[in-house]
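Below: one structure, written as structure tokens.
A, B, C, D, E and F label the chains in the order they appear, each numbered from 1.
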């Protein structure tokens, strides 16, 4: 039972059996916190929430009504969990069949789970991700992704300035300002195309048009529409992306500003310098993405974790605006 | 706390902090009504419901278990809200980030919200609309629409006789009873078609085949599949609808009886007299709807609100059966 | 044998057994004219031509080398027959199986048969038609049509000014000069279109936008790509053509000037006054052509023969420029 | 009120008004069992569950938080109902409009209902079926099916060894081990194909390639993607299945081991001996399945009920592993 | 030079250097027969024909104007060659590059070559085949085929009664007289189909529905549209053809009567007894033809030559009507 | 009249009015050469040929029967013109309408015109091109192209060894011999592909997989099916071609041996060294061809004329086998 803590509110019709509740946290009526649960400070546990034993909840977390947190759920700081959002911890539940080890579900800091969303066991919701209302989450969601539908897909990425999604769309028919500097030194490269009745010729002159000497070229194709590629930064390697067919959405993020670029015109390539976090998603069914890289493959060159990327950028003396606002 | 009210039932395990509860309303166990909420008469608030302060609920409303009504929810009379139906009031929720003004969600009179449906913030559910179980509602739903799916779409309109949906399907290959009188004096018109190896010729001879002298013709095309057109009645203007390509579903409603007609055969036109409420939806992607009108365009001739239409029809001495049953 | 004719040239190495050869006609080496053939004046029969008995050839006809005219071929004035163009007079030829009656092939005045074209038995090539080189002609070809391919199709209509084809193409994306007067008083009519996210609404207000009070509307659809419709003029009836879907090419011809108009934009209608010969062809597979007519159907109002039309126009005091130049 | 029962746990904050609760059943906080409900032994009723009067629940049933069981719900033994799974009992709910007879929903023994799933009124969930999290169930689900989506579809069948789904996928381009013995003596048969410029010739020489003398051939085609065929066993009849076009998934189950086989290569046939339960589903839209059978049609030869099949196999002295684990 | 032959007509302007011309053959003006050519009796060589040395022409052959027969052309009896029909004898002609051995072109007895048709070197035109006007013949044409287009394809087969094409079309929507006896004892077999919402089930019960015990089944698929299959008869083997997808045209010919059957309905199978010549052509692009055969493959059972087939049938005491009329 | 020339043969039944006939040329019966025509040496003018005045014919030309050469036709050395091949010199012929200037048709040296082909006015047939029998030629044909159909298209290129076409087809499913050396040092390169559930990754590691350091990359796409690209050689630049989507046929020609390679597998690239003449054609509608080049664009590096290329190669001491055999 809770004891010796001054600034905690537990509604008289709630049941709080844990004594690991942080300061200023409020627990409302008909909620039930089992003995082993650990809840951080400044949380708001609304009416009718149920929290099992093997659960940890960070600071400043909001949990709306009708939510249950089962054994194996890990909720980091600043998370929002909407009403009737539903968690699970058994891939193939059968009555009175218990698992020996539970899958662990992680809701990383700053993420939001929309109302009535359903999360399958063991998924990880990345930092700052936004799960839409009614979504069914069957797989991990990367940091800052906007994700909804049944089954859920990524539909965008959270922008940086005000927490709302922003999108820099480059439609084929639009006049594109090729001179604008993009996030982290990225920029668009207009390729030469000669068109006549015999078709189109699109040219990449390496010396004149690429900002580096490429040492590798690869293509990405036949990507299922719900899949996401990239999700890493390079320490040294530079890249130029050309959409050879179809379209793809590219996220570029230097730890301070995040932008979305829709590549759908083979004449417009995208240069991505090192130390820019890159994600590609929303591949059209016929998409073929070509990539020039300045270096051969080197596993050491990859930063695969967004956290590590942010840390790395801070070491570079870069003060992350994203981290502040979230 | 509730006081001085005779005919209200509050279960001993419920918490009712509001004193604005209507007569004969019952509030069941583990429900919690906050102080500012206003609840009408003859309501039934089932177990485990939570109602915040800035909420109004009309008369004869049923709210099943597991539902929460958040600040900004407005529920009119005779609404049904199914179990675990989930409301929201924040488009982009983040923990401990509060909005300055809340979006307001309206559930208009007679509507039903299916079990476990999810409503995004700020939507309006029209009078008598039926939201299916499990639906995710991302936009406004018109009066009497039958709406479900994720994301939800209109799939039909509520009929009139017994509250269940009815549909009068006119398939191309079916023997159609062209003599049947439809709602409000509407009827089908069979056009002449001459077919030979050079193609089809379909003729509308105005004097012989139209019930009025047309003064205007217009076409409706490229309507997105989820869109709805029409949703108005004319005071004087008569119309004949011809589906020139593809198919469309038409609702005709004279305030007493509502019918659905599937137009998919260019040889079968539909005459709609004035004072019939008309809706077109489920346009096929290639639909082209042609309309002959007896009068030129006159903004004064339109009745755009279904409420106004129903009132107008009552003034005509028409006793609306729909209004009674809902 | 040919006798008592002054101004005829027969090459010494030709064989001319007919004595029905018109003045100034020349017959060149290795040609062979059988006894019954009738040849007009000013003809040019090149080397190696063979003409059977039951053949008539009009005045001013050119027949190039390698051509044979079999029994049953009727060639009118001013016809051009290219080299190696091949005629037939038996649908199902078997050696030594003779037909009781021969099919008759008509090449009407002013037509041209391209080099190495093949004509199946019994076809009629209309006045002024142009059969392309290498074409295989399996069916009748209307007056002035440009026709080629295997099997052959109409690909255009011969213009009026200089005998070469001209085409007034109205592409969707083009700035159209709506003020230009077309052949015979025809003109384009720009219709109002309201477009929003719910689709397009195109309006024809009869009083304001049509030059007559319509009494009939008909649609033409599912026309096979090789088919031709229209091919008549009205004495009194006025028409407005609107392409509701797809595209169609329209010929308008007042007996003096012939124009082609490509209708592919539902917002651009075509007004055709009476006494204009009209043809529609090159219907796209999805074409739906709507027509408003100023009068109900009246068989007396139609002029179905282009010859009759030309005669009618001359009675009107219209001096036909076409007739002169061909 | 519950009385005279020794080994039942009712949490002090729960309300249990029924006295028909089986031994060892536990009822947790904020749950509410109405007076008429019948609950079996060894059940676990978690926090915040609501159970109406006309409800029966079998033995060893788990009901997670946020679930309501309305009048007309029948839950058999060993069922699992996930958190916030939502039941309904009115097809067209309107506030204060009551039905005269309720549709009855059956959850048969051993089935599991995933978290936050929604069940429409009157459906039957077959024995051992697995309804996925977030599914919307609009129709009956057969025994052992794995079913999810909105609207839900069958996506597989529960395997036998450990209760998890397994799938033996035979892709066209894969090296297939044709020698492996499948469930119940089934096996794959490689057919000869001769290909030349005139197309492909695929041969089934009965004597050499079929393990029986066929007496019947039939084709199955135009099966809607959500449909399921088969679902029976034969007592005597042998079959060979050939996918002539498209693809189909086949379940074979001898009462002990259940396997899935994807047939998508016309050269690979599947032999199914008698006394093997067979199901076909996930037909592609162009699928044509050909079947050779060793006997003519004989209604007596069919076992249509999986229960009867299991019983029959036990009489054969076959100890069913499936039955034990479920 | 021609000498000592009584009943031969050579026009004075023709050049006939061969003395191997049959009785009653006529050679018209400007024709040129080289010394080695052999021409049969009752032939008609029209104006302007050129015949080289290594050419044989049978009896009763008609050769119209503008035709050249080059070295290596073999023309059998009763052949018709239309005007300007063009033969070749060099696959890859270059000026002054001579071939060591010439390809030999065979025009078998009774065939007709349409006007202005072009034959590539070395093709064989089968007995009684009809090459349409303007056709380009790039490959062998089977007996009695009707063949045209560029490149040419088979479009039908010549009927038997009167030499004109006839076609027995069995459209899906047509009432088919299943009782009619077809050529040579062939007949249609209506298969049972059970259709419900789960798709169609088409059954072939061997004992009840097949007139033989099948020992082989094969499918024919992915046949290019211009290809022809079959073209043989069996001595003993019986077959049943079922079109499982798409459509195909089947010729059945017992040496007396020839019929075409369009198979496009999977429910209508075609039984073909032995000693019926069978051809399949006009395969739709998605056609899959299934065939049951009463015997395993036996090369001895096949009659591959139509001549041999006809001879075989005569030995059977069958008086061939075809042979007489052609 | 022809005079003072010793070694010319004119058949007694021919008419030769020109005295500009080269030595050893033979003119056969029923041919007619007008006075202005110029014919080279060693020509063979077969029976029934007609040649107008404004015509030049080179040396060693063969003209088969039924051919007419009209004013404006220019035939170079070593050309073959098949029987009944038909030329034209008026785009829009009308009887007795004469053109002021004639279009000029060029048949360049070594080309062949197939039997019964039709050439529209003013086309140029490139050196060594092969026009198939029955072709209708509506546009210029490049050197060595194999061209047929109505309308005609390029279907291949003439091979080198024996003047017949050869084709090296690389089908996706075929075992490709990657080690074989191709024309001029070209060779295939197998690329690595990693495939997983996220799609396919195809890698070109420049150092390991390319035989040069690329300095340029370009793509070719949306090429109409009848178009031809390339048709040049580089002096220094090396290239690697990768078909990223669809398929394309590539000609490689080092002046001695010519090969065709079908690229349709993104994993198989084609290396082309300098001094190899390259042509790409038969692009599929969805083809995207990527090309790596060893050097930046340099107009000086291109050899655009095949004649110049052959001369260049001879300077290199390369004895051209092609030139000899043609």
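The definition used in the following text is that a contact is a pair of C-beta atoms (placed from the backbone, for glycine too) under 8 Å apart; a residue touches a chain by one contact, two chains touch by 3 or more.
Computed from a prediction, not measured in an experiment: that's the story for all the values here.
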item	value
Contact distance in steps, from subunit B to subunit F	2
Touching both subunit C and subunit E (chains)	F
Comparison of A-B and D-E by number of C-beta pairs in contact, larger one	D-E
Equivalent interface positions on subunit B and subunit C, same or different at half	same
Pair in B-C, D-E or C-E that repeats E-F, with over half of contact pairs matching by residue number	C-E
Centre-of-Cα separation between subunit D and subunit A, whole angstrom	36
Centre-to-centre distance between subunit C and subunit A (centres being mean Cα positions), rounded to whole Å	67
Centre distance in Å when subunit A and subunit F are each reduced to the mean of their C-alpha atoms	57
Subunit D residues counted as touching two or more neighbouring chains	30, 48, 66, 84, 116, 150
Overall pattern in which the protein chains touch one another (line/ring/star/complete/other)	other
Touch relationships between chains, expressed as pairs	A-B, A-D, A-F, B-C, B-D, C-E, C-F, D-E, E-F
Touching residues on subunit C, where the partner in the complex is subunit F	13, 29-30, 42, 44, 46-48, 60-62, 64-66, 78-80, 82-84, 110, 112, 114-116, 130, 133-134, 149-150, 163-165, 326
Subunit A to subunit F touching residues, read off their complex	197-208, 214-224, 227-229, 242, 244-245, 266, 283, 286, 288, 290, 292, 296-297
List of subunit C residues in touch with subunit E within their complex	15, 30, 32, 48, 50, 66, 68, 70, 84, 86-88, 92-97, 116, 118, 120, 136, 150-151
